[in-house]
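Chains: A, B, C and D, in written order; residue numbering restarts at 1 for each.
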Amino acid sequence: MGVLNRRQIAWRAAQDFWDGMLVNLGLGMPVNCSDYVRAGLEVVVQSENGIIGMGPLAAAEAADADLVDAGSRRVTIAPGGTVIDSAWSFAMIRGGHIDVTVLGAFEVAANGDLANWDSRIPDKGPLVGGAMDLAASAKAVWVMMEHNTRSGGARLLEACTLPLTAPGCVKRIYTDIAVIEVTQAGFVVLEVIEEVSRAALQARTGAPLRFAAACGVLRAPDIADEE
Amino acid sequence: MGVLNRRQIAWRAAQDFWDGMLVNLGLGMPVNCSDYVRAGLEVVVQSENGIIGMGPLAAAEAADADLVDAGSRRVTIAPGGTVIDSAWSFAMIRGGHIDVTVLGAFEVAANGDLANWDSRIPDKGPLVGGAMDLAASAKAVWVMMEHNTRSGGARLLEACTLPLTAPGCVKRIYTDIAVIEVTQAGFVVLEVIEEVSRAALQARTGAPLRFAAACGVLRAPDIADEE
Amino acid sequence: MAIDKRVGSAAAAVSDVRDGATVMISGFGGAGFANDLVLALRDRAVRGLTLIVNSATHPLSFTHTLIEAGMVAKVICSAARGRGKGLSAFEQLWKDGKIELVALPQGTFAECIRAGGAGIPAFYTPSGYGTDLTLGKETRRFGGRDYVLEEALVADVALVRGDVADRFGNMTFRYAQKNFGPAMATAAKLTIAEVRAVQDAPIAPELVELPGVYVNRVIVAGGV
Amino acid sequence: MAIDKRVGSAAAAVSDVRDGATVMISGFGGAGFANDLVLALRDRAVRGLTLIVNSATHPLSFTHTLIEAGMVAKVICSAARGRGKGLSAFEQLWKDGKIELVALPQGTFAECIRAGGAGIPAFYTPSGYGTDLTLGKETRRFGGRDYVLEEALVADVALVRGDVADRFGNMTFRYAQKNFGPAMATAAKLTIAEVRAVQDAPIAPELVELPGVYVNRVIVAGGV
């Protein structure tokens, strides 16, 4: 099946969700995870603009301009959901109540350092948003990202080159070719796609890899990528 | 008419309320002020347990065990009132949103120091409550108290002998015989009852008094004291 | 599996509270006491508890039963005075040095709990500055005014009283029942709620006063 | 006199906002922007404003019109990046050194405002520790973890969007419209609200999301 597309990465991350968890899904790729929660599980999705228990995107005829997520998408409230104000929403985040936050990233270091807020485009203003609060205080930070830059450079590094979002926070990384745990001993590969050898994966990664004893094959069902 | 009873002191303090003000009334004598708000004024009463816009005591048949004030009295919610939690209620208090808090006191010093929380009864536990927050952060602290102790000692002093609730906070004092402003220059008498001469008032007060140019006569209508 | 936080009894709900636990208990001004849960906890007869409760002695609260049963090592509160001239059980134990007491201004007490749930380890407050109650505490000047540094309060367990809960743990509160419950629910590792009624149907989003994500277990109060 | 906070127009509501004022503006994620009031403020053409607003550039907010009109000296926000590759008016002014920018993590931004309304001059937060964004800020360790000291934000004026208000200034919010409005209303000397509808009858106690004591003026939004 080969390299995972962005929706397949979201699918793979969502397979690790558990029943009753409180999860915050970052803008971009991560929000798609909510489409792939395993049948029978009830997951509570938090959007940092205050929706606790967010449902799927609103159907066009039901879209409500006041019911939006942190990315301005028109969404719904799931059964049992509610809305709190931003001060409380971030009190929830900072207070360590989020089980998992799934975030996009530019770079992740082998010590868990995360860089995802400032891509250093000259003269463009900073875009901090809620990433620093989420990265610093969620019980677990999972990252979804392409394994390499468009020019083939590594995004998994010994040390980040871009400004940090939070030090030592990332627990797991889902890429288009591998699932990697961040441990005290650095990156540990949990799964890798069949088409990429261990040596090739290491060559595409900027820090030493270990491979879990139970290291498996990364597979995802056919899902069309978003355009 | 002579010395004011406790309800008459409450009446006198309430005459200085203004339209639309947010007022917190302490347990004991001060809560009675709400019975004497001038006709036509709308005053918002805050109880520090979270009632914003408290109405009068509940009639027996309407009393609700969940609708109580900070002193456990069964009360009502006034039109336009609501209830917030304690963290928010004290955020309101500490944030300087209370126009006036009317508190009881053991002692007040000429520099505005207030002592009203610890009467130093041996072995009895401390009873702090919300007085320190109210005294420290209300825009104005008014005190209602008997001018003297039962044994005739002064409660208005050069310096408090009992532990402070907050330093330099009291703006005005309503007693059974006088209304006194606390200024940079110490106590200034605004009103005194006819039966007490200026010299006698000074003799019953533990710090120098000045008398306002417009110092008037303290009078109150006949009101039966609470038993 | 659908989320369902309902538990069959107060006893089951508190069955894993252990010796030495820090326990927050809601209630103030006569309303919102988690009395069913407090009595169930008393029946467990654990020792060395730290209680975080607004009043150690309120006559409508059953907190005093934990103290009288000798289960409490420390109380953090804003009111610790028993009524009347005689000494309450709490006061007697305190006088005898058998119970530790930390008294805080009520607003500081509330804010320390809110901070505990909000990931704020410490904050500055004007309340209590210049009083005996903050002697020895760190102070600092901001904008020409003096403040005291206070640290957050957190707990192993919060016992909270509300009105209605749904299977998600969402809660409403009746009037002054609210008081410390919502903040305490955010500041404890395990929050147990007792309510008048539970319902299968979700509470409407605009009526939820405490999101269920803060609540671990719900029981129906028996009306103690 | 009955309390009545209704004002006839957005222009009247902002008529006393002065040069150099600090102005908070609600809105996030496409909801809750106080756009009628922002446009009325723009028409006043005051200068040297400090804006406290989550995003300096959100396309559904009219905050950018104040910036483009040259009325703004400083922006405190969590997002200041214009869409697309070109520079927004804000980014051009910032690049040219004509506008000062303070960027905060969104949770710190929210908490600073909440602190401003709650009488907390400063607090410690884990957000942003170890990042460029907090370089030079005071840090401190509590319980083995590192935190940054952040100071409260307050304002002269808050412009807040809600759904319904009553004559007391009590307000409700629709869904995600809530965001920064309630906290901003607590942190400003003068809070002006725009709502879809005002009503004579008081909003029911259990439906009030922001008590009217925090709101000074209310206008009905024209649906900008």
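Keep in mind that, in the parts below, a contact is a pair of C-beta atoms (placed from the backbone, for glycine too) under 8 Å apart; a residue touches a chain by one contact, two chains touch by 3 or more.
Just so you know, these numbers come straight off a predicted model, no measurement behind them.
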- Between A-C and B-C, the pair joined by more C-beta contacts: B-C
- Item | Centroid distance [mean C-alpha coordinates] between subunit D and subunit A, Å | 29
- Message: Nearest whole angstrom, what separates the Cα centre of subunit A from the Cα centre of subunit C?
- Response: 36
- Take the average of all CA coordinates in subunit A, do the same for subunit B, and state the distance between these two points in whole angstrom. 56
- Two or more other chains in contact with one residue: find those residues in subunit C. 111, 114, 118-120, 125-126, 175, 205-206
- Expected list for subunit A, residues touching two or more other chains, is 77, 83-84, 91, 93-94, 137
- Select the category (line, ring, star, complete, other) that matches the graph of chains linked by touching. other
- Among the chains present, which pairs are found to touch? A-C, A-D, B-C, B-D, C-D
- Message: Please output the residues of subunit A touching subunit C within their complex, sorted ascending.
- Response: 19-20, 22, 40-42, 44, 46, 52-53, 77, 79-84, 91-97, 137
- Query: Touching subunit B in the complex: which residues of subunit D?
  - Reply: 1-3, 114, 116-120, 166-168, 170, 186-187, 202-203, 205-206, 208, 211-214
- Item | Residues of subunit A that touch subunit D when the two form their complex | 47-51, 64-72, 77, 83-87, 89-91, 93-94, 118, 121, 123-133, 136-137, 163-167
- Listed in rising order, the residues of subunit C that touch subunit D in the complex are 111, 115, 118-126, 140, 142-143, 145, 147, 151, 172, 175, 205-207
- Message: Going by the contact rule set out above, which residues of subunit C touch subunit B in the complex?
- Response: 28-32, 54, 56-58, 60, 78-82, 85, 87-88, 90-91, 94-95, 101, 103-108, 110-111, 113-114, 125-133, 163, 173-183
